[in-house]
Each structure stands twice: as C-alpha cells, then as structure tokens.
Amino acid sequence: MIQIKNLKKVFETKKQKVQAVDDVSLEIEQGEIFGVIGYSGAGKSTFIRLINRLEEPTSGSIEIHDKDITKMSASELRLKRQKIGMIFQHFNLLWSRTVFDNIAFPLEIAGAPKAKIKEKVKELIHLVGLSGKESNYPSQLSGGQKQRVGIARALANDPEVLLCDEATSALDPETTDDILDLLVSINKKLGLTIILITHEMHVIQKICHRVAVMENGKVVETGEVLDVFVRPQSKTTKRFVQQLNPLEHEQDKLKEFINQHDDSEVIKLHFIGNNAKRALISEIAKNFEVEVNILQGSIAPTQEGSYGTLYIQLNGNSNVLTDTIHYIQKAGVEVEVLKHA
Amino acid sequence: MIQIKNLKKVFETKKQKVQAVDDVSLEIEQGEIFGVIGYSGAGKSTFIRLINRLEEPTSGSIEIHDKDITKMSASELRLKRQKIGMIFQHFNLLWSRTVFDNIAFPLEIAGAPKAKIKEKVKELIHLVGLSGKESNYPSQLSGGQKQRVGIARALANDPEVLLCDEATSALDPETTDDILDLLVSINKKLGLTIILITHEMHVIQKICHRVAVMENGKVVETGEVLDVFVRPQSKTTKRFVQQLNPLEHEQDKLKEFINQHDDSEVIKLHFIGNNAKRALISEIAKNFEVEVNILQGSIAPTQEGSYGTLYIQLNGNSNVLTDTIHYIQKAGVEVEVLKHA
Amino acid sequence: ACGTTDNEEEAENSNTENETEETAEENNEEEASTEKETIVVGASSVPHAEILEEAVPLLEEEGIELQIETYQDYVFPNDDLENGTLDANYFQHIPYLETQMEEKGFDFVNLGGIHFEPMGIYSKNIENLEDVQEGTVVIMSNSVSDHGRVLALLESEGLIKLDENVDIVDATVNDVVENPLNLEFDTDIDAGFLPEFYEREADSLVAINTNYAIEAGLTPSEDSLVIEGSDTPYVNVIAARSEDENNEALQKLVEVLRSEEIQNFINEKYEGAVVPVSE
Amino acid sequence: MLKEWFPNVIPEDLWIATQETLYMTSIAVIGTLILGIILGLLLFLTDRGNLWENRVIYGITAIVVNVFRAIPFIILILLLFPFTDFLLGTIRGWKAALPALIIGAAPFYARLVEIGLKEVDKGVIEAAKSMGARTHTIIMKVLLPESMPALISGITVTAIALIGYTAMAGVIGAGGLGNLAYLQGFQRRDFDVVLACTILIIIIVFILQVIGDLLTKAIDKR
Amino acid sequence: MLKEWFPNVIPEDLWIATQETLYMTSIAVIGTLILGIILGLLLFLTDRGNLWENRVIYGITAIVVNVFRAIPFIILILLLFPFTDFLLGTIRGWKAALPALIIGAAPFYARLVEIGLKEVDKGVIEAAKSMGARTHTIIMKVLLPESMPALISGITVTAIALIGYTAMAGVIGAGGLGNLAYLQGFQRRDFDVVLACTILIIIIVFILQVIGDLLTKAIDKR
C-alpha cells in the first residue's frame, strides 16, 4: 500500500549538512501496524513527516495506493491528506480552540455535517478518556491530556493511514494501553494502516506486525516483530530489545551474583516459540545431578509462542554440566555460556 | 530537606474547579532521588511546579532547608531558585538561542565568568551527547535532542535540587540510560536531591530511593521503592508495578495456557529479596513428583535482593501439589494459586 | 533648515547656516549696513514667496541678502516675527494684521502694501448669481481670515445679510442674519483644494482666491460670478516690528517690491490673479 | 461651569464634531480591518516559505502597501479625489474622507496583521496542512483565530492612529474634533476649544483602548 | 531628462528636503525605539498576571500612552513648544520637530512592543524564572530577544509612519520632502514636484522596509 523508494532528506544549516533520512526503501502493507524505532536524532520524525509530505523529500518517491505522493498536485495532496491522520510529537493543538473544537477540526475540514461532528467528537472524547474536559483549552490540560486530544484529533476523520510520532510517550501505562487497544481495534475493524514511531519496545511488542530500526537516517533492520526481537542483528536493535526485559541489561548487578559462586556455571537460555512451554527446568533438575538457580530473566507468551531469556546458574560436576547443556540445546533452546565453572 | 505540608492547589475554569494538588504532605531527604508517578492528569506537574513556586499554592507550606519557600521575598526566592534546576515537560527552550547559549543561560543568570561558562557548557554538551549540535537552534533539533538540551540546562548551575518533569519521556532507552547514569553520578558525587516525575517504572526502579504515587491530586502511597514494588497497596500502584514485567499483565494470553492443561495447577510465585537466589525450582523438581513449567514471569536482582514474579504450572498428584506449595511458602516465597487442578 | 523653499541659490546657501545664525541675526541688524545685510522674511508659499524670490537678485545689488522662510499656516509667521526669528513677514492682509495686533497685542507696523489677491466666487454649473437655487452650498477656505471677505461679497450681491454690529473683517457664518436662499456654508476646505472642489462640486458656489483660480485654469475676469475690485481692504502687506519701522533694509525691501520690475513680473506671471499695488 | 471654563466652546459644534469623528473613525476602522486583513494575509501567504509562496504577488503587494503608506496624507487625499467622486458622487464632508482614511490606514494595519500572523506557531499550521485543509480553511480557522489577540490589539492601535488622521482630513471639510481644534482653537487662538476637543479625543481613545484590551484578554486562552 | 520630466523641480531643494527627512526620521526613530521599548515593557510588565503586576503604574502608563497617541499632531507640536524651547532653545527647524515626532510616535510603538511581548511563549519566561533570573535579566535575555522579530517589524512600521508625520512637521518649518511636496508642489500646483517628492519618499520607505525585512529574517530562528 505504501511504497517508499530511495527516500532522502538533507537539512542544510550554516555549519553542516544533516542527512536526516538516507536512502530509505520500504513497503508497508494495507492494514499493517508498522513500528519505527531508533535513537534520538535518528531521523524517525523526519521520515514520518516525509510520508504525508509535510517535509519535501530531497529525492526518492513515496507511493500510496500506487500514486506517487511526491508528484501530486496541491489539491490531490489535500484530499489524500484528509485520509492520513497524524499525531505529532509536540501535539500542535490550536490554543484558540477547546478540546471539543480541536477534535472537531479535521471533521470541519472534511466538511462533515454539524450533527455528525458532535456525535463523533463525543465518542472520541470518551474513548481517549477526556470526558469532562470538553470545554477546557489546551493551556488548561496536563501533558498527557494534550497528547490524548492529539490522538483523538488524528482519528476523527476515520483515516486510512495513521502516522504516530511518539503518540504515547507522554502517557502513563494504563492510558497507553487503552490507547493502544483503541488503535488495534480500529486497525482490525476498519483495516487502518498505522505507522508508529516509539522508543517504548513494549508498544512495538504489543501492537506492531513489523518494525524498522533506524540509525543515522538509514533503516538498518526491518522484519516481523518476533524475528527482530529474537534475532536482533544490529547493535541498536539489540539495545532496544533488551528494554523488553527491563532488568536484563543491568549486567553490573548480575556480575555480583556470578562472582559469588565460583564453582558454578552461568548460562543464558533463549526461548523462542513453543519450547518455552516445556518443563525444561524441572526436567533438568530431575534428569541431571545439578542444582538450578534462576538468576534473572523474563519469559512471556507471544502470538507465536513463548519468548524470553533466562539467566540461570548451574551447580554441579563439570561433566554433568556439559551433558545438561547438550540436553538443553537438543530441546531447541538457544544456550550461551557466560561463565564456566 | 524538603518538607511539604498540606499543600493544595485549585485551578478554576469557567465551568469547573479542579483540585490539581490535594492536601499533599511529604518529606524528602537531602541527597535522595524521589520519584513521583501517577496517571495522566493526576497533578504531578502541578505538584513539582509548586515546589519552586512557579505555581502559587492555594494553601500549605513548602520548606526547603527549613525556609518556607511560600513566604520568601522575591529576591530570596530568586537566589533559592538558582539552586533549583528544573527540566520541563515541554522543554521551554529559547528559540533565539543556540544549543550552547541555551545551556549557558542559567550560568549567565548566576553571573558566572565567560571562561567558566564555556568550559562547563562544553562539558555538559558532551555529557548529554549533543556534540556537533552546539550551534544549532532548537528548531533544528529532534524531540529527544531538545529534551537533552533542557536536561543540560537544568544541570548547568550545579543545583542542589533538581526537579524533572518527565525528563526522559522523549528519549530512546540508550539515551535514557546515559542520562539516568549521569543523574545518579551527580547525585552520588555532589549529594544532589532529585524529584523526578515519570511514567516509566524502570526509571523509578533504576535510580529512585523512594517513590510517591499520585491519584487525583492526592498522594495515595509513598515508600521505599522496593516496598512499593513488592507490596503495592493501591490499584494505581499495582498497575504501574506491572509495567516492570511488561508482559505480565497480558492476562488474556496467559489464560490460553491455563486452559490447555486441565490436569495442572497454575501458581504465581512472588520473590522478595534473597529468596530468589535459592535454587527453588530445581529443589522442587528433585524433591517432589511434579513437573514444573515456567509459563511467564520476570525476575531480577535489585539492591536489596532479587525481586520478581513467576507464573508456573505444576503437573502432578494433587496431594503432592499441596505439599509442594507448602514447601515453597516455607522457603519464604509468596504463593498465589491461580487455578486448581 | 527652516522649511524654506527658496528658488535662488544665494538663499540656498544661507539655508544650511540658518540654525547657527538664527540667534546672531538680531544683533546683525542692529549693527546695520556696514557689510552685506541679511533680512529674514516669512511668507506664504504662493504668491508671496514667489514674489520675494524674484526680488532676491534686486536686493542683492543693494547689498541686502534676503532670506525667505515659507510657512504653511497663518499663525506662526506672526509669532515668529514677534519672537525675532523673522525680521518681517509678508503673508497677511491689512484686516488680518489689525485683528491680530489687537487680539494678541503684537507691536507691529505695516511697512506698506504690495499686492492683493481678488477673491472671486465661481461655479461650474451656475451661470449667474440670479440662478442660485435654494440650499446651494457655498464652499470657502479654512482660513478664518477669508470668511468675512467671502461673506461680504455675498452680501454685496444681496444673497445674504450680515449682522450690522459685526466688523466685516471678523464676520463668520454665525453672523449671517438673513439667508433667504438657505445657503449652506462649508468653511473648512484647505485653500489648495478649492480648484478641485470647483471641478467636482459642480452645483456649488466656490469662493477661490484668484491665484488658485488661475492655477486651476480659470480666467477670473470671465469665469467668476463676482470678484473683488481694487477698493478692497484686503491688501497684502509687509509687516515688521514697530522698532524696525525705519530699518533701511526693510524700507529697501518694500521699495524693491513696489518697483516696476516686480510689478511687471506680477502682472505677467499671475495675469490678474495677483494685482500689484503701490499706494 | 462649561461656560466658565470653556467660554469659546459652542456645545453644538462640539457635539457635531464628536459625531463626525465617531462616524469617520468607526467606518474607517471597519474598512481598514477588512482591507488590512486581506493585504496582510496576502503579504504573509505569498512570502518566502509560506502557503502561496509567490515572488511576483508578494512584490506587488509589498509595493502597493509601501507606496500608500509612504504618500503624505494630504497628497493621498488629492490623488483619491477622482476615485472618491466616482464612488460617492461628492468630495465634501466626512464621508468623502473615508477612502483616504481607509487607504491610508489599511497598508499600515496590513503590516501589523503580517506581524501577528508570523507569530502563529508553525506546528499548528502544519497540523492543519496534514489534515488536508484548504488554504481558505487554514486562513479562517487557524491563522486568524490563532493570531486574534495580535489582530485585535493591532486594530486598536490603528483605530487610534485613525483618529489622528481624521484631524488631517479636516482639509477637505470632513470636520471632526481634530479639525475643530485646529480651526476654531488653534487658528483663532481659543485654547479652551483645543482643550475641550483634546479631552473628547482622549475619552474616545480610552474607550477604544479599553474595548480592545478587554477583547484581547477574553480571547487569549494561552 | 530630469529637466524634461520635472521642469519645476530644483534638485538642490530636493536634496536638502531629502536630507531633512532622513535626519528627522533617523533621529526620531532612535528616540522612538528607546522610549517605545521602555513604555512597552512597562505596559507589559505591570499588566495583570505579569512580573511587575501593578495596577497603578499600568494605569498611569496606559494613560500617558493613550493621551499622547490621541492628541492630533499639530496640537501636540503646539503643546510641546515650552518643552522644545527649553530643550533645544528654539521651536523652529527640523530639530524642533523631534520632540513632537518622538512623543507622537513612541506611544504608538509602545503598543506594538506590548503586542510583540505578549506573543513570547510563557513557558520560556517561566523557565527563566525557575532559574532565578532577575526581572532585568528576563527583559534583556528573554523578552527582548524572543520578541525581536516583532520588535523589528514594529519599528519598521513606525519609522514609515514617522515619515508621514514629518510632512506635518512642516508647519513649524521642519522642512522635509512631505513639506516640499505640499508647499512647492501642491500649493503651487506643480505636480511634478509632488511626484518627485513622492518618489523619493517611496524609495526611502522601500529601503527601510527591505532593511527591516532582512533583519527580521536573519534573526528569526523559529
């Protein structure tokens, strides 16, 4: 549905040239929820702004429904944009309008009748949890409330494509979940295509089908969410994936444990898909003369089976330990030995 | 060091009165990193803005170093504020100044000599990872870069107290970590007191000593971080703590697993402190005639011992199962039975 | 420089020095005519300043340097004469001078009349004063000193009657006691605009100073419905402070302005709109 | 008391002059508002980097605006006579002053409008663009409402400047307080008339300013 | 060619008048800038909800500003005679026009300054406050720099309006192009002089506008 070819954007300031988006080619399917992650300054916002041509590309093409948006006339572009909702990183609400009127704005633009506007806006205000704040002005809202007005506004006109620039970064987990559920349900019901920038991996994990990882303006990795999670290729991706086990990357603390037990072996188990269901730990304990101690880790079911990482400590005879590790590997779980006995 | 007593703030709009901060009393120690969490609109930003009197309290008192800030004269307040750094939710950078000059601003205000300003600002720019962007204007920065300028600016004048309003919410995990490490190191080296609003629990978990939970303007819970994590009292806190195991709360998915095995018992283990180190799972497997299957969960070391939750499935004779559970409880691990065999 | 609009180069030069000289000028005159003497004369732009400009070279020959200050209004030239900025002024007619002296207590003398500008009443559509319709508008300049003049003309034609107790010179539209045709008076048009009003307000009576009438392409003798004759008291004069009554340079100025050369110039240039007098 | 303090003031004249000033100012303000906003929008929209970026139209608008601001008012009145005559069938009275007043003040207000529009947050304009708004919609629903406090303060300033202009419009018999002060007060040296007129003008100015300030405050929700 | 097209124009006069206009305008602009910014800041700072909130000072400033904007220019000149005389020792010439020009234009610019200051993001002022900045620092380092584009556009507008005022200053012999156009051109019906003066005024206005626009653009980093 959205085909992006060799997209480039260069910003020139007096002192330097910044290649904010550098030769990006991507395809995004109808009805897909597509995540974009990357470090601060990687070019994510610029990329998403190129898609509805708020930023003119330096070169490259963007086809939506087989029409190149970079070549559209002003009026074609306008009509197209009415079907592309956008949630801005900095909200961009009109201070002169109340919450209600801000959300009504895209409907007014599309020329919806008054009654329909009223109904739709009320529904949206309820959905994003702003009931009672209808007639507040943006200056009377908290950060997260402003963000939610921005979200409701982007959804008002039943868009075909939704571009979200850190739509949930100002929201607490409960509200984030509600909003994500809302997005998923619209995605399922109406086939809404969503492109979503975030730095919260659990957002990606929760709702995205595919994900692209950006670094210095380039897309360094794309793929199914689980693939990318399980086998992150680039350093950036690995770093992001660690976030899913928020405690895992605190290697310093882990080291304390490792050093305390000099007679043990520490291994990292990587569960991919159905293997996690098997009673692996208890099997080991029963079959081998080892003591198994879970140090740290996280494991969870995903749509394609359980997925997770466990750091475990094995105490026992070194021959037995080798056998144990072989056993685990045969069971289809990836093993990495961090410290030998 | 900071004593807050019966602090209240009421906003009046035409249609309603909002009790944004409602009778809050707190004490924050010198050198403490104090977290504040709560849903969007709970009153967190208002609370933190009351502390340096950007917002005039409706009633109540705030003593910093035993001086009531609400009663200070304008010039006393000004001097005090020079020692209170603030990071704003919406950055509030001066568009007319470059990155360098924005960070230099508080130093200029405090009347630091040119050479010192230059040195200090260069150091900060390096610390927040903005080297090469010194002479960019805010409009030429990405969201996260702006946020980092705001952070550097708040740290420039070596404050005694740092107020952070969602300082890392626009940042990717790597940058967040760098910034948090920076804050912790300043906190340790110089005894900086930090009050930190966030909705990212891993930020709380990583750097805070104590945490307060706000709901509808009230503080519904305060305490040591681990205490609050382990025994969350209010619903809000529970919801936030779930975030630490980002996959845990997806109970829907867990249910699928539970229903598949009708002959098994599913229990939830809660590890608090040192118990998590014990090889509990392998002990059970060895001592009892049960199969142990880890369904889901997360476990990690914290400063006061391991902390985490595991959902496990026990297959076996029901008598044996009862014994097993007793055994676990005796080992000091909390057990909750979710599904009986 | 002080708003001078002189034509002559000599005057030009002094223009820039003016600010510094201003205070010294008074002393200069007192010391009289050993060297080249400078006199400063304030004037209205048309025709006064133009006539003075013509006199500059003639006075030069007499060893007098004439500096012309042009004024937009009729208040400041007398003020400036009083406070010494000017040595003489040339913009007002006798009745106005007299009123001013009386009201403000100026101690001025009339050094002699130079010309008069006959006031005429014109109209584009009205052919004859007998044809004036009920409610016709009479337009005159916003110079208060013109009003009595125009009203007097109208009275002489029998169109209105003025209060007998009021001096004609001071008369305003409020002194009209009989107005059988219900003439409407419009008394605050800048004199410079009167030709435009003649052109565009075709059904009105417009009182125009002859100089403006000529500028607008009218021939006063033919086009006017009524025009002032030479018996008019409205002769424009050179006025000076009383103490300067016998100042030689100023006497010379009057003499030159009444000379045949200047009179010819006036007659040629203004073709009757400005009539020289040598009484 | 009036007689004592203001012996030369004729109350009827003062009243008529006040009315003339009020009429002239209010109609001229409306005209200036409309023309000024149109010109200001044109300047803003056709400027570099904006919605209708167009060097030619920008250049022409800038020239028109600057030329009419540059011409001394009295010359402007003269130049506009044919136009005024054509429009109103007369060049006399306060109505005839309107074209010159409006054409003299509108370019000026246009610049104030331009300044106000430049202060509108670019992000908000982008948001409207991203929703596929027509330029017309952006103007009516974003640019104007978001710059409203500046537009209102601007027209207040312009209206007060217009009162000053009406005094100059006296040269074509437009009347008004400024003219009364000049003719009856200044020329005849009856300074009580000057004072009375000035006081009335000040009162009008204050009323305008208070209305402007109240409106601005009511509207500014930032 | 000059002779052919402009038979009545005396180049020297034109040159002198141009100089007078330039002198008057430039000095008056400097005075207006200083006085206007001071008054504008006072208005802004003492207004409700601002740094120096003070009803009395706000009231007084507002009255001063409004009164001087309200008085017709010619009356203002008259009223200022004693002051001008005291200050300069003369009440004639272009220098004597300066007090009236500045006092006439500064209140006007003050309002534009106030409008500009109101557009400064409140969050940024808060940030400065939270750093413990003195009001003086907030003014110099936040309010003025952050409103600079509006301040510059504002002084451009005011400067051009001042050129219009200089024409009126002709009544006290201040000279300048406007006065030349009126006296030698309009009154003598030599319209070539009017045209020449107008063209020169337009050129000056354009130069001012271009300088203002360039400065604004260079400074605006939003």
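Things worth noting here:
All chains are identified by letter, namely A, B, C, D and E, in their written order; residue positions are counted from 1 within each chain.
In this text, contacts are C-beta pairs under 8 Å (C-beta built on N, C-alpha and C of every residue); 3 or more make two chains touch, one makes a residue touch a chain.
Keep in mind it's a predicted model, so treat the numbers as computed, not measured.
Looking at the partners of chain B and chain D together, the chains they share are A, E. With respect to chain A, maximal separation of chain centres occurs for C (centres as means of Cα atoms).
By C-beta contact pairs, the most connected chain pair is A-B.
Chain geometry summary: the mean Cα position of chain C and that of chain E are 35 Å apart. A straight line joining the Cα centres of chain A and chain D is 54 Å long. Centre-to-centre separation of chain A and chain C, using mean CA positions: 89 Å.
In chain B, 90 are the positions where the chain touches two or more neighbouring chains simultaneously. For chain E, the set of residues touching two or more other chains reads 182, 186, 222. Residue positions of chain C touching 2 or more other chains: 73, 192. In summary, the structure contains touching chain pairs A-B, A-D, B-E, C-D, C-E, D-E. Residues 74, 77-78, 81, 85, 90-93, 170-173, 175, 179, 183, 186-189 of chain D touch chain C in their complex.
Only residues 1-7, 9, 12, 15-16, 18-19, 22-23, 45-46, 50, 69-73, 76, 80, 85, 192, 195, 212, 215-216 of chain C touch chain E when the two sit together in their complex.
By the touch rule above, chain E contacts chain D in their complex via residues 62-63, 66-67, 69-75, 78, 108, 111-112, 114-116, 118-119, 122, 149-150, 153-154, 156-157, 160-161, 163-164, 167-168, 178, 181-182, 185-186, 194, 198, 201-202, 204-206, 209, 220, 222.
Remark: chain C residues 73-75, 103-104, 137, 139, 142-144, 186-190, 192-193, 196-197, 200-201 touch chain D in the complex. On chain B, the positions that touch chain A within their shared complex are 11, 13-16, 37-41, 44-46, 89-90, 132, 135-136, 140-145, 147-148, 165-166, 169-175, 177, 199, 201-202, 205-206, 236, 239-240, 242-248, 250, 253-254, 256-257, 276-286, 290-303, 306, 308, 310, 313, 315.
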